[in-house]
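Both complexes shown next keep subunit A, but they swap its partner, so subunit B is in the first and subunit C is in the second.
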Partner chain A sequence: MAVLTTSHPARALRGSGLDRVLPYLMLGPTLFLVLGVVVYPLIDGLRSSTGFFRFGRQIRSVGLDNYAQAFNDPHFTGAIETTFRFVVLAVTIETVVGLALALLCAREVRFIRRLRSTLILPMIITPVVVGIVFRLIYASDVGLLASFARAFGLDAPEILSTGTGAFWGLVFLDVWEWTPLLFLILLAGIQSMPVEPFEAAKVDGAGPWRTFVDHTLPLLRPTILVAVSLRAIDALTTFDQVYVLTRGGPGTSTQLISIYGYQTFFQFQQVGYAAAMMFMVALVVVVVSGFAIALMRRRGR
Partner chain B sequence: MSEDNILRRPISRRDLLKLGAAIGGAGASAAFLAACGATGTSSAPSASAAPSTAPASSAAASASAAPSTGGKLVIGAFEDGALTPFKGTIIPMFQQATGIEVEFLTEPYDSFFAKAFQDGQSKAGQYDIYIMDDPWIPQYAAAGILEELGQHGIEMDADYPKPFADLGFWPPREGARVKGFESGDPKLIALPTIGDLQTLTYRNDVFPTAPATWDDLVSAGQAAMSSNKIKYGFVFRGVKGNPVVTSFYPIFRSFGADFFDDKWNPIFNSAEGKAAADFFVTTLKSLAPKGVAEFDSDQEGAAILGGDAAAIIQYSGNAIKSDDPAQSKVVGKLDFGVVPKKVAAIAQIGIFIHGVSASAPNKDNAIAFMKWFATTEAQTALARAGDLPVKTSAFTDAQAVKDHRLLPVALAQLTAGAQARPRTPDWSKVESIIGEALNSALVAGSGGGAAMDTAAGQVKDYLTQQGYYS
Partner chain C sequence: MRRELAGRVAWALAAIAAVAFAITPLVWMILTSVKSNREITQDGTLLPSAVTIGNYVSLFSGREFTSYLANSIIVTTLSVAIALALGTQAAYALARFRLWGGLDRYLGFSLLMVRLLPPIAIVIPVFLVAQQLGLLNTLLGLIVVYATFNVTIVVWMMESFFREIPVDLEEAAMVDGDTRFTAFRRIVLPLAAPGLVATGIFAAITTYNEFLFALVLTSTPSAETMPIGAATLIGRINVDWGAMSAAGVIGALPIVIFSVFVQRHLVRGLTMGAVK
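Let's turn to the complex of A and B:
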């Protein structure tokens, strides 16, 4: 009884000023974690990007020289170009194929649920495994495609041993693995569209193409933009599959910025230069992410 | 206040703070105690280890009779077939001799390189011993992450072949030194583990004896391909970077070319270097599968063991599979020889080499292992298990030679000529530049000489940037 009369927790807190501090105390552990694993590495990375390193140690500060050096490095500019070419091609094809599949699977017909489940399978396979599998498919000596070609009396295709072949081989791998993501997002978008405009179009006698152009596409546009933005951000950082499949070769035909950054940092121990390169790439990713977030907010409203 | 009252009382802010302080204090104490415990363990001298100040020879002589007093040792290595006999024979022998429990951790090549370097730099102490590829030594040693072995009484005795022994010192005992290490006595920081080097593996039904020159190899290879006796006259690794440079190395060196002068100026685009590159991307490519630019060691190995290739130049990891019916379709048809020559028959040395991490938690056990592994007993066991040893006496052990015919050939290659890659911490970048240019020329099937020029310009720029010539 005495307990009830002598103390009221809420009132006691309010009077002391601790009520203002307590929320921050409660947030403390999480804040500490975020500072430790996100903020500190970012600041340290930014500091490293202005340093010149030899033998694993910073020798001197070089200001923004590492950033300037990147623009004079044909490997960096080449890797940026290859990365953008890869992202644009892969994401475009994935969007078109993903949309087609989503339209196909939006109808409720027999076995459609099983088909939808099957279609998303490639997405859940580990990227390294996908790389290994495609290497076994593409290999010109014992690869699956080579075996098929030989069975039909044809020459084995040279996919990984030519620049163009390897690049398109990589694009196809990415399309195979990540079209399901676009399919899934677009399918959700289609299923959440209002039915009234389509019913009206049907009453007005509009054909399937007209309905698609006048209703489906405009209504789906925000979803498409969000899906494309998300996928583009992910594609910009593609690493595992390329590393397993081609290591960036032949020549520099599949050398994405992630591969070049990895080599520069881990193999060549050019810590400062690698950090500068990756910050520039991160800046691009942040811009694309900002675009995606803005789109999502607009869609939310 | 009774216990009953305490349990009933609502928690006040003061109690909350007290509780928080108590939990925080307990956590900090536990962490501190744990850290002290770890430090204590690592710094306590292990009774099992041989006395660290004893001379290597005496330690070696007594190692087999070392008392079994236990403890732990963590050895890290990159994945490679050549380490299979080491793991299967040497580690159990050491455990039995000393009672020290060995944890043998492996990672893919690139991954272990980066991980071990990080471990050493951050002093994380995940490994006690790193088993490295010899070109890693300059990078690791320059960063100061390897323990100096001389202070522990370990010496490089005369039984180690000189080309192997040289690789354990930093700065190098001979040849050009990189900036920052021009002066100073060479210090022993690693000991050879497996004496790996390239040798020729060839089909004895295509070549009656090992082809002595590149011309011999090409003419016999072309003849065998024309008569459909074999699919490919010569197969090699063409993937950009380390693989293609490794395959190119014996051709390049046998043409009389070299990578740098004594001031680190690139000279690999000399007339000899360009001739070797042209020969590689045109003549040798014509004997190889069309897609050779995508071939790495797995495909190269499959070509010879599967019966498609007449000859390859390879390290021992795949060569030791030649007589295994489970892995080779052409058992009895494969022989080993010294690599062909143009002006010399020079192969690449790529020994496995082990050093103790400067931040090793079980340093005494690591030193004990190094001393034990240098004994004749351990070296002979290594040779008899099928690995290439690192001491001359073990190379000539009668039983080992009888069981493993690669051994005398490897020794013959050492005598004929075997050289390590240039000893600079920047070799991986240089190799990447040369490998990229060479791979592009290989895809094109021409322009080997031009590729050497391109690479030489890029290497010069890079080394200038790193302060080599200032």
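Let's turn to the complex of A and C:
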């Protein structure tokens, strides 16, 4: 499996004349795009995050007040808490199920390729469509669960109309959509494991469970760490599915941090405050990602 | 012997359960999309008693839905093409040259960080700038933004591909009279073709599926993409479940067709995109 590195090339090439400026020419357009579309707006946005806006115009500068405001905003701290609960629950379940699926699909039998590509379908489907799919499953009148319940003479379950139901409904949606990612990465990890320990275990007469605990898990641990951090980073900023499924409701039960940021900006028009909040979220994500990358690099050595 | 058979049956059952878990939600959407509205809301049956294409007909009776599809395809194709054209060059430069002041090392890392920044944190500043430039609600604005994010993916994935290709090949070509750039084009790029394909697939799927930037930067069907079209349908026509599921099916279709075409490279592209 691929490993994160930015080490230097084994041999740097020397060129002459045009070749000396060639790398800068080749890098130029890319840097121009990134500077124009990401770096400049971010700097501009930092300035906005210290402003007070009305009707989309900055009226005055308020210094760091926007940043301080976030800590006294129960919606902000609430959204952070909801997001963390969501990420921890979803990623844990995804890891366990993904590992089980990877072990299931590690053997080479007929149709195994077709089986694998069917199992990854949920993760390539447009996230908005995934939201629609789960609306059609959870809806208390026309949903799949309601239809099933009726077929067995039971009451239709209330999922999207209660806070707990909606939250778990969202967790389950994420598990359905993203378990395939964990599955793919862990499968690649399993396939690149050495065979010797397993042959030795077989000779020793170890059962499948002992082999799994003694050999598979320890060998797979680094891959699991990578997969979990990658998924967690992405899950922290989940937006599309919530927007379609619940828009953060009922109440604030599914108000993840991205949804709250979006609402603050577009519905409440608090441009400066929204920018300040999201910069703080970005800082946290960047720090977490930095750790994850350091972890992967160490593994690569 | 008997134990082995039991093991096989257990494996097959587990595999069937896994497939059922993966496709049941999608099958339900397809089933709903071919039911009549009366059957959806009043009868509440599991399987459609009669198949109707009414939901699809009404979906395409307006101009908007065709426009969403066309916009999505234009935006995805162009932004991925631009990103591949520019990003492979940048990746090659980072993989092969030592730049002034160790710049190459910092650049690779910074581009990766751009990709890891939360979209919600970038979208607000990008909106403010796009507003000043008059790029809101245009396909051009979306293409530029997507090309930028795709270019970071391309650099990220292609750099390690180029590193794996031996330098000797280019040097031999240069001894034979090629310039550095022609050596890159003639020798290195073809060797990196599998990586290019995998990268393109990953970028195309990501772009077609993108929602947040499209939602924020566009506001009329002339520039809105498929995911926005499908999502606004839910708000506009409150509970037209038939049309909503039909929109879901049409929205997912290009990706599913695309993934069947590129099946051989799909798993590789997805794994690399996630891991690299």
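Here is the rule we use: the second predicted complex is superposed on the first by the 274 of 301 C-alpha atoms of A that agree within 3 Å, B and C clash if a C-alpha of one lies under 4 Å from a C-alpha of the other, contacts with A are read in each partner's own complex, and residues count from 1 in each chain.
Simple rule for what comes next: a residue touches a chain if its C-beta (ideal position, glycine included) is under 8 Å from a C-beta of that chain, and two chains touch if they have at least 3 such contacts.
For clarity, every value in this text was computed on a predicted model and none was experimentally measured.
Enquirer: Once the shared chain is lined up, is A:184 touching subunit B (first), subunit C (second), both, or neither of them?
Expert: second
Enquirer: Applying the touch criterion given at the start, work out whether A:125 contacts subunit B, subunit C, both or neither, answering first, second, both or neither.
Expert: So A:125 only meets subunit C here.
Enquirer: Based on the superposed arrangement, let me know which partner A:115 touches: subunit B (first), subunit C (second), both, or neither?
Expert: second
Enquirer: Quick check on the superposed pair: does A:281 touch subunit B, subunit C, both, or neither? Answer first, second, both or neither.
Expert: Second partner only, subunit C.
Enquirer: Could you look at A:23 and tell me whether it touches subunit B, subunit C, both or neither (first, second, both, neither)?
Expert: In the superposition, A:23 contacts subunit C only.
Enquirer: Looking at the overlay, what does A:88 touch: subunit B (first), subunit C (second), both, or neither?
Expert: In the superposition, A:88 touches no partner, neither subunit B nor subunit C.
Enquirer: According to the stated criteria, A:200 is in contact with first (subunit B), second (subunit C), both, or neither; which is it?
Expert: Neither partner.
Enquirer: Looking at A:213 after the superposition, I want to know if it touches subunit B, subunit C, both of them or none. Which is it: first, second, both, neither?
Expert: neither
Enquirer: One more residue to check, A:269. First (subunit B), second (subunit C), both or neither?
Expert: first
Enquirer: Mind telling me which of the two, subunit B or subunit C, contacts the most residues of subunit A?
Expert: C
Enquirer: Residues of subunit A that sit at the subunit B interface in one complex and at the subunit C interface in the other, please.
Expert: 9, 12-13, 18, 22, 56, 139, 141-142, 266
Enquirer: List the residues on subunit A that touch subunit C in their complex, please.
Expert: Subunit A reaches subunit C through residues 1-2, 4-6, 8-13, 15, 18-19, 22-24, 26-27, 29-31, 33-34, 36-38, 40-42, 44-45, 48, 56, 101, 104-105, 107, 115-129, 131-137, 139, 141-142, 144, 146-148, 150-151, 176, 180-181, 184-185, 188, 226, 230, 233, 236-237, 239-240, 243-244, 257-258, 261-262, 265-266, 271, 274-275, 278-279, 281-282, 285-286, 289, 293.
Enquirer: Quick check on the complex: what are the subunit A residues that touch subunit B?
Expert: So the residues of subunit A in touch with subunit B come to 3, 7, 9, 12-13, 16, 18, 22, 25, 54-57, 69, 139-142, 155-156, 158, 160-163, 166, 246-252, 263, 266-270.
Enquirer: What does subunit C use to touch subunit A in their complex?
Expert: So the residues of subunit C touching subunit A come out as 11, 14-15, 18-19, 21-26, 28-29, 32, 40-41, 44-46, 86-87, 89-90, 92-99, 104-105, 107-109, 111-114, 116-122, 124-129, 131, 144-145, 147-148, 151-152, 155, 160, 163, 167, 170-171, 179-181, 205, 208-209, 211-212, 215-216, 226-228, 230-231, 234, 241, 244-245, 247-248, 251-252, 255-256, 259, 263, 266-267, 270-272, 274-276.
Enquirer: So in the complex, which bits of subunit B are touching subunit A?
Expert: Those residues of subunit B that touch subunit A are 8-13, 20, 110, 113-114, 117, 121, 139, 142-145, 180, 238-241, 289-295, 299, 302-303, 308, 425-426, 428-429, 432, 436, 439-440, 442-443, 465-467.
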